[in-house]
Structures are given as C-alpha cells and as structure tokens.
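Each chain gets a letter, A, B, C and D, in the order it is written, and its residues are counted from 1.
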Amino acid sequence: MRVTIFNEYLHEVESDVVHAIYPEGIHAVLGEAITRLAGADVGYATLREDEHGLTQQVIDATDVLFWWGHKAHDQVADAVVERVQRAVLGGMGLVALHSAHYSKPFQKLLGTNASLRWREADEKERLWNLQPSHPLMAGVPDYFELEREEMYGERFDVPDPDELLMLSWFQGGDVFRSLATWRRGHGTVVYFRPATRPTPPTTTQTCSA
Amino acid sequence: MRVTIFNEYLHEVESDVVHAIYPEGIHAVLGEAITRLAGADVGYATLREDEHGLTQQVIDATDVLFWWGHKAHDQVADAVVERVQRAVLGGMGLVALHSAHYSKPFQKLLGTNASLRWREADEKERLWNLQPSHPLMAGVPDYFELEREEMYGERFDVPDPDELLMLSWFQGGDVFRSLATWRRGHGTVVYFRPATRPTPPTTTQTCSA
Amino acid sequence: MRVTIFNEYLHEVESDVVHAIYPEGIHAVLGEAITRLAGADVGYATLREDEHGLTQQVIDATDVLFWWGHKAHDQVADAVVERVQRAVLGGMGLVALHSAHYSKPFQKLLGTNASLRWREADEKERLWNLQPSHPLMAGVPDYFELEREEMYGERFDVPDPDELLMLSWFQGGDVFRSLATWRRGHGTVVYFRPATRPTPPTTTQTCSA
Amino acid sequence: MRVTIFNEYLHEVESDVVHAIYPEGIHAVLGEAITRLAGADVGYATLREDEHGLTQQVIDATDVLFWWGHKAHDQVADAVVERVQRAVLGGMGLVALHSAHYSKPFQKLLGTNASLRWREADEKERLWNLQPSHPLMAGVPDYFELEREEMYGERFDVPDPDELLMLSWFQGGDVFRSLATWRRGHGTVVYFRPATRPTPPTTTQTCSA
C-alpha cells in the first residue's frame, strides 16, 4: 500500500511550542506510525511545495491520501483539489484527519460544508466502537479514551455516512460521529476525528452539572 | 391518524409505586398526550386481553401502533407478532418505546436481537438532534435533557438505520442512537429510547472522572 | 409551496424544431403542470438573465428549485452555484431533471461527476416503482412506460442514494436509477431522469437479440 | 475460509431430469467451484440429515454459509433457523442463492417477506455491475449475460441494502436488485439471484414491443 500524507506544515514552523513537539512535522510522526503498523510505503506532501507536493505523478502513485490542515485551507489550489477529487472517484482512498473536516477536498467530495460545534476545554473523550467486525476496526476495543481533547460536537453537517464506525462522548455533554466512511465513485472518503493518543480506559467517573 | 397503544400493563397492576404514578396505566398517559398534541384518534391494547387486544380488526384500523413492554415480552403470542409484522409490511407504522427494543415485533422486523448496554444510575441524559429538518423533529431544539434516566448504551445491535435522528449522551460516559427509523415493506419502524419527560436545557456543566 | 424553475432556454431559441414544441420554453410547460398538479406558486429563471435569474432574493423565496440544463452547464456562474448549494444546505429542495445530472449544482452537492452511459435510439423505457408508499410516489403505479426515450444507463456515478424510488428498464439492455434522493444539510436533492410523457402500459412484448 | 453449503437436495433425488444434471446434487457443483476459485475448505449440509446437517458444531466451524432451497422452506426447523441467525449476528456470512429469498434464515435476518415478481420464460438476463471497486466484484466486467433465465423482478420486498452491487435487466421488461448485502450484527447477509452460468456478452440487440 502506497500512502501519501499531506500536512499543512505551518504550525510546526511558525510556533516554537508546536515545533518542540513535532520537530520534523506532524506528517513525519504519522508516517512513522503508518509505516510501522501497516507496513505501508509512505511519502509526504506539504502546502509550501510546488503544487503542494501533490503533482499528478504523486497522486497517480498513491493508494491512500491522508490529509491534515487547519489554518490555511483556503491556500490549497483548486486545481489540486480537483486532482484529488478525480483520484478518489477513480479509486484512491482519502482519510481526512481532525480539522481537515473543513479542507477543500473533503467538502468537495461530500457536498456539504462539514460544519460542527467546537470547544477547547481539554476535556475527556470516549470513543465507542459501533462495528467491531469491520476491517478498519480490527483490534479496536469496545471503547477507548483520550484524556484531554478539543471537543467536536454534533450536528456535524455531512451526508449520512455509508458506514458509521465510531461515536464520541465528551465530558462536557457532546457527542460526535468520529469515524465514518462515504463511498464516492470507485474510492472511499474516511473521516477520523481524534487528535491525540489514546489512554487506557478508566473504570469510574462522576459528573455534576 | 388512528393510533393504537399497546402496553404490557403489568407493572401498574402489580406494583403500588407504579400504580400511584400511572393509576390508569402508562398507555392512558401516552394516549392523552398523543390525542392532545397530534389530534390522533387513540385506542388501547394490553397484554392480558384476548389476542392482547390486537385482533385483526384492531390492527386493520390502525395507522400507527405504539408498543411498550418490559417484563413479559415472551408472553406475546407469535400469531399476534406475525400479524403486526404483516401490517407494517403493508404500510402501518410501529413505534417501539424504550424497553420495547426487546419486544418480539421489533426484533422480528429488524432481524437482530437489539441487545445494548444498560445501567440504572439515575443519570443525566442529553439528546442531540441530528436532522432538525426531518418532519418527525418539527419543534425539537438542538438538544434537550432528561435529569434522571436509566442508561441505554452502544453497541445497540440493530441494522444501520435508514434515518438516524437523535443521539444520546449519558453522564456516565455512554452514547446511544436514541431515535431512528427503518423502512420495512410499505411501513416504517421507529425506535425512541427515553422514558421520562424532558427538563429545560442547562447552560453550564462540570465533570470530573 | 414556492417553486422556481431554472431552464437554460437555449434550444428553444436557437432551434426552430424545439421552438415549435416549446414556444414559450420548456420551463413554461413544466410550470403550468406543477401549478395545476401541485398548486404551487411558480416562478422562472433562465441562463441569459442577470445572475441567471437566481438572485439571492429569488433563492430566498424558493422552497423547491427545479433545474434543467443541457448544453451550457459551464456557463452557469460559480457564485450562483454556491448560492444554490448554500440554500439546499439550509433547507431548499433541488430537483435535477434529465441532463441536469451534469449541472454544476447537482455535481457540487453530490461530490461525484455523475457520469453515465448514454444512447439516442428512441427506445422504450419502463420505470419501476420501488417504494409505492413514499410520499413522492403517491398515485404512481407499479410501473409506467415511455415509448421513445433517450437512454441513460448504469453505472451512474453518484453516491448511494438515501432513497432509491424508481429503476428504469430500457429496451436495448440497460438499467438506470431514475428517481432517487440525497439529504444534504437541511435540504434534499432529487434526481429524475425521464424527458417525455408516460404512455399507458403495454401488456405484451417480444424481443430478439 | 471455511464454507458450508446447504442444499435442500430434493429435486436431484426426486426428478430424473434434475438428477441427470446434478448427479451428486447442486451443492457438489457449487462446492467444487468455490474450492477451485476461492481455495475454501468446503463442507455440505442437506435437508434430510439430522438437524439438516447444520449442528451447532458445524455452524461453529463455518465462516460463510451458502443456502439454496426451493420447495421445502417450511421443512427447515425453527431451531436451526435461530442457530443460523445467532451465528450471523456473531459474525458468520450468509449467502442466499436464487430461490433462497424465501428461505427462513433470509427472511428472519431481513425482517421482510422478500416477495418478488416472477416468470418462467427462458429469457435473457443482463447483470450490471454498480460497484466495480467492491471486493466482491473483483474481476467482474461492467455487465454479463445469461441467455435463458427465470425472471425475478421488482418490487423485491427487502430492506434497502447496505450495498447494492448488481442490477438485472430482463428481456421481458423487468429489473431486479440481483446482488446486495445487509449487515446484521457482526455478520453479513448477501443475496445473489442468478441460477445459471454466464454467457459471453452480445453486442447487438433488437426489440419490438
């Protein structure tokens, strides 16, 4: 499997704090994990490169494109967005991560604006597995938790997914369709919400409101 | 619209506590609300009646059948279950309420066992509206809350709904597909989870876990 | 219900043959039928008008927008397409007719290119009703026929519909999903294939191949 | 992959004509093909055996169960049907072939009666591939043809499939959803309509009606 990871690669360059966490960019960390866990052949592309590193040649040699962007969605060239759309319709997979719900390729392939509720409160998230027997969920437990997460909540303005794989619960009272797939042409679009690493499940919890 | 409400009508007879809350049965309270809010012509049927009050004549004169049962699902005669199934396939609506997820007609029409996670903790539930423009959701706000609820949690073993209308958040860390529809034949099956009346939305909340 | 009908209105002006059939434009014929059959309040918009007649004011006063175009899809301004998309996401209905599968608003809301097989052979089409109890199908028989139709065949490159209402059979060996709906935001997109009036069902048929 | 093939195995025993075609039963022919093409480990079960050959031990050792029956659906014991249902909900695949649309396990898992239109006219069928990139469709062309088929036509009374993979065209004017899947619990139900071997595509066709 040939994977290409697109990363905006702006935060890591512009912020010392982010640079300290991802000295070589978040794409390098993602790529290392994908190589190690899935044995994929991973390449990289970033916003400031010519054609954002997503030339026709690169796209033609990609089975699955991961996309992460946050602050510069509007700087992605429409010609590249159309190239990505055509590739998905032709059979490529596109995995939109976290804030890439607002990326141009995701919006273009779904047809909606993908708006959602949002809150930065470093709150607990619990992700529930709705389809344990789906190939994408191999090895995923009934649920897992993230201790300090940015909240993304419903209503998530997307078409009904073809497969709804995970639902999130947030400490502050929100829920979210955090892992879902949509068939488009011969390819598939996947959305995956979380931004941090899972922590072991806790067993007790108390709330007051 | 001609509505029939099926109620097991055992708790109200056997328990003084429940009898005090529903002296004429939960079906009478439901029926009063449906008549008042929807202007429907409401009839009633209970388990201990002949054919559970669901004779062919009654079913033939029913547009929507509400079903509530809890402790005696297995006492419902298979012949009546098949009559209800045929009626739904022919165009009747069936609304399964709360613990009716385990009722025979619901299981028979969905094809799964409808199992779920469950906990009695009198915990807060918040129900999120995923399709505000759906006719069933007319007048329903973005979310509403129930202060003390029995928890029903995922994984809910049902086929992917044709329409997913509400998702529940529970204080204790669970989520649930609380309002959903499935087309079967010419009719529709609806599941609706809550068991108590909504309370006004709260505006602040703190949690610790 | 306030209906607006968009018509390219080029064939009727440029071709004497088409002008003879639709002297006031195909939109006028459609509008007359919609007014008569649905009691709707109908307005019109055509390509050559300012903003194609689809100003923000017109869109704001439209519940359902019918769209027909064929030879000048690329002349529709992107700003108008985005206005239509936003209106659908906000609750408007969009009904794409026949060759409007290639129109910009349809493609933009579905996310695919909506390609299909195509043949002009004046062949018989039979349309089968898959959901006789759906509100859109009220009064539609099990099937109806069109004697001389342009063929549109699968594979139709669209996302799986949320509701598949009619399937077409063509004399020459093709099939097509001819009436389908997709929820997008708070609105709905409908596609309807046929271009001519139905004829009474025939009862016998012989084929050789 | 461990495959079990259930065959009613009555026609082959009771009819000399059928026996001549399938001297060892249709299950033997199917099993030989599945072994050869998919490298599966194939076992057999027939109606007249104890528990129809589908003991708990056999089911526990089955990944995919193929089901063919035609004239004796009502002789299948309900206990075995429930065993099959439980196994599918637990992850087994069930492939219902042709007239098995009326089999008890198929009906029980779908929740509808699976009725359809039907005609014996030895007519041509053409099957169209709607999802060429689906794993089940690997190697399947855009369409293939069967020269002399029994007709199964819409409206097929089944829930909307989770995946609609093939549509059939019949010479006599009918269409049919001939290959489709439904997720049920952790398993999948597949329906596949054809009963005979494909013939090479024809390139010309004329019809009169």
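Just so we're on the same page, contacts are C-beta pairs under 8 Å (C-beta built on N, C-alpha and C of every residue); 3 or more make two chains touch, one makes a residue touch a chain.
Note that this is a predicted model, so its numbers are computed, not measured.
Colleague: Out of curiosity, which chains are bumping into both subunit A and subunit B?
Modeller: C, D
Colleague: When C-D is set beside A-C, which has more C-beta pairs in contact?
Modeller: C-D
Colleague: Measure off the straight-line distance from the CA centroid of subunit A to the CA centroid of subunit C, and report it in whole Å.
Modeller: The answer is 35 Å.
Colleague: At what distance in angstrom does the C-alpha mean of subunit D lie from that of subunit A?
Modeller: 39
Colleague: Would you give the residues of subunit B that are in contact with at least 2 other chains, written as numbers and ranges?
Modeller: Residues 132, 160, 162, 183 of subunit B touch two or more partner chains.
Colleague: Write out the stretch or stretches of subunit C touching subunit A in their complex.
Modeller: 85, 89, 108-113, 157, 159-160, 162, 182-185
Colleague: Note which residues of subunit C are touching subunit B in the complex, please.
Modeller: Those in contact with subunit B are residues 91, 131-133, 162, 183, 186-187.
Colleague: Sort out for me which residues of subunit A touch subunit B in the complex.
Modeller: 123-124, 126, 128-130, 132, 142, 153-155, 160, 163-164, 167-175, 202, 204-209
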